[in-house]
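So, here's a batch of structures to check.
Next, two complexes with subunit A in common: one pairs it with subunit B, the other with subunit C.
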Partner chain A sequence: MDFIKNFPFFGIMLTMLAAIISLPMHGKMAKRISLFVFSVETLLAAAVLFYTLQTGESFVYIMGHIGAPWGNELRAGVLEGLMACFFSLVMLLSITGGSKHLILDIEESKRNFYFVMTDLLMGALLALIYTNDIFTAYVFIEISTIAACGILMIREIGRTTLAALRYMIFSLLGSGLFLIGIVLMYDLTGHLLMQNMRDSVELLVSEGQFIIPLTVAISLMTLGMAIKSGLFPFHFWVPDTYGYSTPASGSILSGLVSKGYILILIKIYCRVIGWENVTQSGITDVLFVFGLAGIIVGSISAIHQNDIRRMVAFSSAAQIGYIFMGVGLGTSAGLAAACFHVLCHAITKPLLFISASGLSDASEGSKLFRDLQGSGYRNRWAGLGFTVGALSMVGMPMFTGFISKILFASASVQVSLGKMLPTLIVLAISTVLNAVYFLRTVIRIYTPAERELEVPVRIKWHEQRSYVVVLVVFVALNLVLGLLSQYITDAIQLGLTMFS
Partner chain B sequence: MFGANLFANLDEMVAIILFGIGFTTLLFNRNIIKKIIGFNIMDTAVFFFLASMGYIEGRAAPIVVNGVTSSEAYINPIPSGLVLTGIVVSVSVTAMMLALSIRLYRRYHTLYLDEIYMFAQKEDK
Partner chain C sequence: MKKTTKTENRKSRIQLAFSQIRAWLLGEMDPYDAVFLKEEPPLVTSRKELADPHLDTFNLRNAFEMRAFQRAYNIAGILVCIVMIVSMLITVSWLPRMGADYNPNNNEVSERYIEKGMEETGAVNIVAGMILDYRAFDTFGESCVLFSAVCCVFILLKNASHGATAAAEENDRIYEPKNDVILQRITTVLVPFIMLFGVYIMFNGHLSAGGGFAGGAVLGAGMILYLLAFGFAKTSRFLNEKVINVIVCTSLTFYCLAKSYSFYTGANGLHSIISTGTPGDLISAGLILPLNIAVGFVVACTMYSFYAVFRKGGM
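So, the complex of A and B:
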């Protein structure tokens, strides 16, 4: 059983290897390799999850047998296993579900590069989840930025290239701040491994030394990751980036990449600085305010859109707000709710993006609401997928969005009145706003079309088998997370206690 | 007293000022090439910060010469290693940004983001 301790390392190396092998391959072969690798990743991460659940403790994998404080380490616990498992699965499903558009949107000679990028992106995400070394985290943040920009710009239309540039600019601002933050931390602690840094930070805090530089370093890292994950007021790049990319890229970027940055931030909070020190520094209060503002602004912007993809993209900005609000509550219950919402959003947003692309396909490729009227009848599976995703985001019981909202609400009850009231009020307002724009869309797609399409299309299931399977799996995952949430929240709680 | 250590930490101060210059250029300048230059200033400032932190007066680069193996004779190699890694990252990101600017310039014949944005919106209609 101890062999499982190698799996995090194997997982990261496998993606790197697949990226290199895919380079000279044809697009089709490269896609097969990627899908195979992502399936293997899911199994490896599931094994790590079960191993850590069984032993009840996390383990450290020392690279090259060079121990602390000099070597480089990976670390896996329940939370890491859970996230890695879900992320690999969502990656697999997003690419399978968006594969029709990958063929339409990408030149044939460049298709293999797309899969090279997705392999690298998966590797970077896994490394961000598993790493125990803060500088390695920085390097993989940059790798994921470049790979994410790659899967964005591969669709060669003007708007996407512009979106890629803006994404890149904001990402670089974020990673620059993160870099100077970790340099300051290294300067203060003299270490790069998280455990050693933690010991030094404890020493500094107990002696009351260098508190201001420490706070500055935490703020810089937080600001950097907030920009990169698209928290209000840095969400300007979000709609173009998620809205104009090919559907698979949109799902991966909004569902996974932004979450990778949030996870590494949570990891730094718990493993490097110590959760109590973070809450005492007041940074969580700032995140709380911006999270709340992000929820409202994102939802209101989503209402104003007349394009289904941009609407779903703005809703992503609001969901990032939820996650930061959970972190901002400053309690471990809030943190657990934020982690649950990471999972919830990681499976719901790809479902929405992919089913929205199916609805557009049945409406002569248009993404505008007026053309989508009645598309729920023309492509029944996509309609079903979109409805489930929308209901989950609104917070309908049975689906995962409901559990997220319950967790946020119950976490807010445990904190002071000053935070409880805003949280509950914003949750209520945002549920109404979500209902306005999501249910309006659902009603739209199930209203019979007023005009006849020039070429009446009705996409049947045998024309889109893999697409339908992907939608069904996403819907099933949504139900599983919604109905068996107790197991997942227990695992998250256990994972968070393993962090400290 | 506030500012008492300012001149003792001159290198760090310069690095932070440079970081600020690079950051604001990357954020606010409308010209893509100048943005890329800003990004490079920003990253170089971080490397300068690291290098100046890692340097100890009177010690040599950590390469053993003339058989001197005492750790007192050399500086810590890790900050220098981090600078090298950082440079590699910064070069690849710069290349990526330049590739994107070439693609945008070929399409819109301008390097100003405002104009590109205007043209792109016209294209939509």
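So, the complex of A and C:
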């Protein structure tokens, strides 16, 4: 067996070990450990990606002496490697970019807990990406739920505690529904490993047995993950959660955690139930409708905001709508577009959150639009980052947002008229709405300020080196994904074919 | 406001009725009087009640839209619950019958666990073999769930300033018995046995029912009892936050490294130095015994520190 096949396992265990040994450490040391582990994990995942691209097939890694269907298993293919690589990179960048606010927002004696939580979160995300066992997925969903609440409430202002409470209630509801779905699936198939479950499900469907419980199980799992990732009727926890947490947490929660849930849902669709069975059951049509509604409602709510962080948060709700719309198209092209949008959003939203924090730092810490006027001149790097992020979200060519919109549109052309027209219309409307709220903000930050600030701030390069490097890397990633998208979409297609 | 006076009225009327029935039974009153007894209007006594109509007018909670929304919200909540309940019941009725031999989950998985479990893991307790050998990765995840829960509770409740802690500690003792002799004597007798029992459950996890989670819970309960009887100052001499951090950290690190070794050798087909031993011996079943001990320590420390930080004094 090639040594590289150990890398997914090494990544998960390394992040978990880092979390455990960070507990008695001081905040600074814990941060160094976290950053080191995330960088190592990026390299490991990149190695897995290139290895699977080279061999052209996925591999299974047995966790222990006894393999399927008795023990646990990991599985890595191109899609898993790609996602793990991007996720750990974004984690690394988010923490580096938000590190100034971590010091401001978190009490000193609790700073090590923050890094314990982020390490656990990264480990859980990796396990969600790599797992080949549905119960392992549930266990690590639990970890990510608790850790996500931790990184949210560690900023101890009343609003975050309230937000954490609300987030926890929604999240637990989602995990509970997901668990009921798993129990039903186990009762019907007698397995917990994805491949064996798939075989049993195929048998059940071909014999026409237990179709009703099977449909209920799929819908419960879908409902649970939709609640946890913030799809339209369940998006009410989104603005407070992303809007009031410390910027690093906001970008991790919106960019990565919600995506982890969507990825595991896609994995279950393709590897456990079978994509054809899912599309036949009509679940994707429901997701399609709610995805469309989410895009419109999220965008309109974002227009109403007068606070930059809450606006970006509501825009996340809309982007989740895009992803579920792609899944809801019910074709493999739609699924690939959704996966691409997961990546696109995972690198653009942290860029927006982190540059928004730089802008409000240059405006006496205010997040309100009227105070942000002219902040693009006071902190030029943050202004640049925000502009790139905004243009990418609106769908300007050269940036990733354009590519994902193109992919959604071209995927919608291949399906029936009933789905094609709504998709295209909503894409057009939402582009206009996105332009309204994002470009309005960009114009606002580049309008010279009317009043003089009490302390005129002009944040310079040498005061925020790591912050600027993070912004530049995010912008570069955006350009790479926008200009070299062909390679990425090919990899995603290959990864999806490896799924089934 | 309107509603509360209504309920109060109803309550006082019920009380009146009861007192009348009681008086009638005791022979203090003629039932005829009770029927024609006139109810007096309640007296307006406080300024607040006089001012309330104005408040009612401007209170958003009493606006018609808000009330309608609240009502619709409640009804919708009930409807959603009913729909969920009915659909779950229907689903259950479609599931395979419990215990039937043609069930899908009566397959090669459980067969091997039951028939070959002892031979392959060395544990007499099949459940221990399942959770700590066949599916040890899941159990590692579960102990990390506990770990993350501890960290979250610390984030939420840990007090930064020690002065406040000391004051609260003093305050706490005003209302609680300090140095209660009966409690202390009984605790002195009981705690060693509780601890011993916890250790027994922990060490026998691979031989009989029990294991790290159960044994750790008993150990933690014993320590909480000791804390209750003798106060936090006594227990914190051997079990403060630092010690707990070190114990949890060491146990979980051991768990992580030991299991990583076993996963690594297992997946790569290498020879593992861990042997299963003779099933039934105390030192057998490979890693299950040490892992049970590690999990037990984590659970005990979790329980103890939860109790300690949820007290007024904090930790």
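Here is the rule we use: the second predicted complex is superposed on the first by the 499 of 500 C-alpha atoms of A that agree within 3 Å, B and C clash if a C-alpha of one lies under 4 Å from a C-alpha of the other, contacts with A are read in each partner's own complex, and residues count from 1 in each chain.
The rule we apply is simple: a residue touches a chain if its C-beta (ideal position, glycine included) is under 8 Å from a C-beta of that chain, and two chains touch if they have at least 3 such contacts.
Everything numeric in this text was worked out from a predicted model, so none of it was measured.
Number of subunit A residues touched is higher for C, counting subunit B against subunit C.
When the two complexes are overlaid on their common chain A, residue A:Gly365 makes contact with neither subunit B nor subunit C.
By the document's definition of touching, of the two partners only subunit B reaches A:Gly176; subunit C does not. In the superposed pair of complexes, A:Ile62 makes contact with subunit C only, with no contact to subunit B. Judged by the touch definition given at the top, the superposed model places A:Met153 against both subunit B and subunit C. By the touch criterion defined above, A:Leu162 reaches subunit B but does not reach subunit C.
Within the superposed three-chain model, A:Pro233 lies out of touch with both subunit B and subunit C [touch as defined at top]. Of the two partner chains, neither subunit B nor subunit C is touched by A:Pro397. Once chain A of one complex is fitted onto chain A of the other, the partner contacts of A:Val139 extend to both subunit B and subunit C. Where the contact sets of subunit A with subunit B and with subunit C meet, they give residues 135, 139, 142, 146, 149, 153, 161, 180, 186-187. Subunit A makes touch with subunit B in their complex at residues 135, 138-139, 142, 145-146, 149, 153, 156, 158-159, 161-162, 164-165, 168-169, 172-173, 176-177, 179-180, 183, 186-187, 192.
Here subunit A touches subunit C in the complex through residues 1, 5-6, 9, 13, 16-17, 19-21, 23-24, 61-66, 69-72, 107, 109-110, 113, 116-117, 120, 123, 127, 133, 135-136, 139-140, 142-143, 146-147, 149-150, 153-154, 161, 180, 184, 186-191, 200, 210, 212-213, 216, going by the rule given at the top. Subunit B contributes residues 19, 22-23, 26-27, 32, 35, 39, 42-43, 46, 49-50, 53, 78-79, 82, 85-86, 89, 92-93, 96-97, 100-101, 103-104, 107-108, 113, 116-117, 119-120, 123-124 to its touches with subunit A in the complex. Of all the residues in subunit C, the ones that touch subunit A in their complex are 87-88, 90-91, 94-96, 103-109, 112-113, 120, 133-138, 140-142, 144-145, 147-149, 151-152, 154-156, 158, 160, 242, 245-246, 248-249, 252-253, 256-257, 260, 262-269, 272.
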